[in-house]
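The data blocks that follow each hold one structure.
Both complexes below contain chain A, partnered by chain B and then by chain C.
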Partner chain A sequence: MEQLSINHITKRFGRQIVLDDISFTLAPAKIYGLLGRNGAGKSTLLNIITNRIFPTAGTVKLGDQDANDNDDVLGRIFLMSETNLYPKRTSILRMFDLANEAYGQFNYQTAARQLKEFGLDEKQHLSNLSTGQQTIAKFVLTLNVDADYILMDEPVLGMDAAHRDLFYQELLKSYQAKPRTFVLSTHLIEEVQQLVEHVIIIDQAKVAIDDDVQHLLDQAHTVSGPADQVDKYTAGQRVLASEDLGNIRTAYLLDDLDDQRVLPDQVKLGHYDLQHLFIYLTNGGETKNA
Partner chain B sequence: MLNTKQKMVASNVFHRLGVATLITIAWVVGFELVVDLLGLIFNHNLMSFLISLQGIPESLVTFLPAILVIYFLVTSYGDFKWAIQNGISRSTLWQGRLVALVLSTLLVYLIDELLTMTYRPFGGWREVLINFTGFLTLVLTCQAIGNGFSLLNRKWKVIVGIGLPVMLVILLMMLLSGLSALSDSIFLPTYQHNHFVGPLAWLFNITMTPATPWIIWGVYLVIIIFLTKFFNDRLQLRRD
Partner chain C sequence: MQFAFDGSAPLYQQLAAQIEEMIFTGGFDEEAQIPSTTQLSQQLHINPATVLKGMNMLVDEGLLEKRRGLGMFVRPGARQKIMERRKDNFYNDYIKKLLVEAGKLGITKEHLIELIERGEHDGTIKH
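Entry: the complex of A and B
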């Protein structure tokens, strides 16, 4: 299976630059997290990848084929978006039929089981459902479409906790049954942390992080202790943020620790999670300790 | 031959158009029946009722082409949305819609002709051909306008929707006043013995040949089809 490459994508809306020279590659059969703060340009990027909107510059390619106006490429990518693009009074079954006609081999059997588990009926019209139910209907559709690249924009929007739990279970089941690339664009980082293998963080219109989650978490250290000793220990390293409580300082590092450096007795090491990494990274408080 | 996605686009157009047509027929027939029945109740004249029923085909002849024209005027963005959601490219969408447009125009025209024959004699094949090409051109023109308007957000739709007709009227008025000024000068040819003589006569004599209307129609059709494609290829999700 070919890689989906996003090459130097720039998007401007008037004078505002939403995406600035974005490049990364999506590998086959991998689960990605696409993260960014509100208005970071995640949805715009997903819309560009699926040729729903045009970039100001740059290309999207599957292997060596350009995605623009290309049925073969577009027929291998599916985007579950927040906005409903179906005509009014489209039933869930009609959505399935359209996906079956366009992508082929839609898994009706699994879709029926999933709808039942989520408490929906395939005869229901999408426009008559609540926000959470619409998300569920689109999610069931998305999981059963025969596409190699599945992009999900806010896939748990409006879902309650129980349905979100079911969502993650079904997503994993689907991935195990048929490994393909998933890109989850969400704000619920804590919930997807266990699920995603690779994360792309967009900040200030650029790719801030494009790395495996495990590698990132291995680099995400907390160093706490007396302020002067913490500063001395973290000197020259990438510190995303620091917090002071009296004389005790906690520094949040995103760097490999220097094995040669002696850890003072009063300084303790720990780890922090992906959500905090995202917060510290996108808060703009990053420093390189002198 | 059409590929799967082109067929999908065409069949969806037929499906939505069919639903719109059935709703219209139900309304037209229902409304006329109610009015005629009320007439029967008040007048107790069965013959008058039966004669007024014959007006239903005449109403349908007016409404069926209108549905087709309106459909292609307003649905291009809606069709683009579901098509791109299902991985259908803009080119395929355009091809599928064009095929659906030609076939549905032909079908509606045939039904219209048959309905017309219930109250008017057949006008001959030449009239049929001219009427059909005229109808096809109208539907294509509306598709081009619809595709063009799909590129605009609500604000610009209002601006262009008002501004464009105003601009056309002003241009037409300027053209008419220009022609009127020319007719008073020596630049316009004069018409003598079935042809024009004088300056620019060749230009005016072209209009005398029987092929000229067809050539003009052909050129107009090419421009309109080009515009449908040009606007279609620039369709994208709007933010409004």
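Entry: the complex of A and C
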């Protein structure tokens, strides 16, 4: 199966640059996280990948085929979008039928089981469902569409904790039954950090991080101790943020530790998670004191 | 099964450590089958590649074995192996920390020995 490559995508709305020269590659059968602050351009990017809106510059390619206006390619990419594109009186079943017409091979059997697990019925109309239930209906649809690249924009919007739990479970079940690429664009980083293998972080219209989660977290060190010793130990390294509490400074490092440096007795090393990495990284400046 | 994860080490290592702990404490018997990658992944919401990496680490350490077409099993002698390894690491993992903390508190060697004897009397140390 071919890779899906996003090449130098730029998008302007008037004078505002929403996406600035975005490039990354999605490999087959992998789970990705696409993270960014509100308004970072994640939805715009997903809409560009699926050809719903056009970039100012750049291309999206599956293998060497351009996705632009190419039904063969677009038929292999599915976007579960935050916005509702269906008419008011659409039933869940009708939604499934439309997906079947467009993508073929819709898995009605699994969809029926999943709806039941979530307490929904395929005869229900979308307009009678709560926000969370509409999200569930779209999610069940998404899991059973025949596509190789599944993009999900805020896929747990409005779902309660129990349903989110079921969501992650069904997602993994579906992934294991039929490995394909998922891109989860979400704010709930804590919930997906164990689930995604690779993460792309968009900040200030650019790709800030495009890395394997484990590789990234291996560089996420906390260094805490007396301020002068912490500063000395982390000098010249990439420090995302630092916090002082009394005489103790904690620096959040995103870098490999330098084996050549001697760790002072009073300085302690630790780790921090993806959620915090995201916050410190997208909080504007490097080395910000709290 | 109750697993808990924090940011202290790579996820696959934490998973491996917790499976190891379960083997050691009898949560999984020797020669017993342990849950599949698929089951663990779905239950814990962890990427299957991560689960597999953790499992493979335990296979490499000789604690688990893969039986073709059947699944993953605890190897005979796994508990003994864990015990030996933990004994080897006991000084680094426990005694060193104990001595450093005792040093900070000004606890003397004699007092430390007294404390160890206290553990013997109040039943903390079992023979």
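We take it that the second predicted complex is superposed on the first by the 286 of 290 C-alpha atoms of A that agree within 3 Å, B and C clash if a C-alpha of one lies under 4 Å from a C-alpha of the other, contacts with A are read in each partner's own complex, and residues count from 1 in each chain.
Here is the rule we use: a residue touches a chain if its C-beta (ideal position, glycine included) is under 8 Å from a C-beta of that chain, and two chains touch if they have at least 3 such contacts.
Given the structure is predicted, the values throughout are model-derived calculations rather than measurements.
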### Simultaneous placement of chain C and chain B on chain A, clash or fit
fit
### Message
One more residue to check, A:N70. First (chain B), second (chain C), both or neither?
### Response
first
### Query
Quick one: chain B or chain C, who's touching more of chain A?
B
### Message
Just checking: does A:N47 make contact with chain B only, chain C only, both, or neither of them? Give me first, second, both or neither.
### Response
first
### Task
Using the superposition on chain A described above, determine whether A:A147 touches chain B (first), chain C (second), both, or neither.
first
### Query
Where does A:Y103 make contact in the superposed view: on chain B (first), on chain C (second), on both, or on neither?
first
#### Entry: Apex chain A: angle to the C-alpha centres of chain B and chain C, given in degrees as a multiple of 10
150
### Message
Looking at A:H8, would you say it contacts chain B, chain C, both, or neither? Reply first, second, both or neither.
### Response
neither
### Message
For A:L195 in the superposed arrangement: first (chain B), second (chain C), both or neither?
### Response
second
### Message
Just to be sure I read the superposition right, which of the two partners does A:R113 touch: chain B = first, chain C = second, or both, or neither?
### Response
neither
### Message
Looking at A:K268, would you say it contacts chain B, chain C, both, or neither? Reply first, second, both or neither.
### Response
neither
### Message
Per the contact definition in the header, classify A:F78: touching chain B only (first), chain C only (second), both, or neither.
### Response
first
### Task
Once the two complexes are aligned on their shared chain, state how close chain B comes to chain C by Cα atoms, in whole Å.
28
### Task
Please write out, lowest number first, the residues of chain A touched by both chain B and chain C across the two complexes.
none
### Summary
Counting only contacts in the complex, chain B reaches chain A at residues 4-5, 8, 16, 78, 81-82, 84-92, 233, 236-237, 239
### Message
Considering only the defined contacts, which chain C positions touch chain A in the complex?
### Response
5, 7-12, 38, 41-50
### Message
Under the definition above, what is the set of chain A residues touching chain B in their complex?
### Response
13, 47, 50-54, 69-71, 74-79, 81, 83, 85-87, 90, 98-99, 101-103, 147
### Message
With touch defined as at the start, can you tell me which chain A residues reach chain C in the complex?
### Response
31, 165, 168-169, 172-173, 175-176, 191, 194-197, 214, 217-218, 220, 270-273
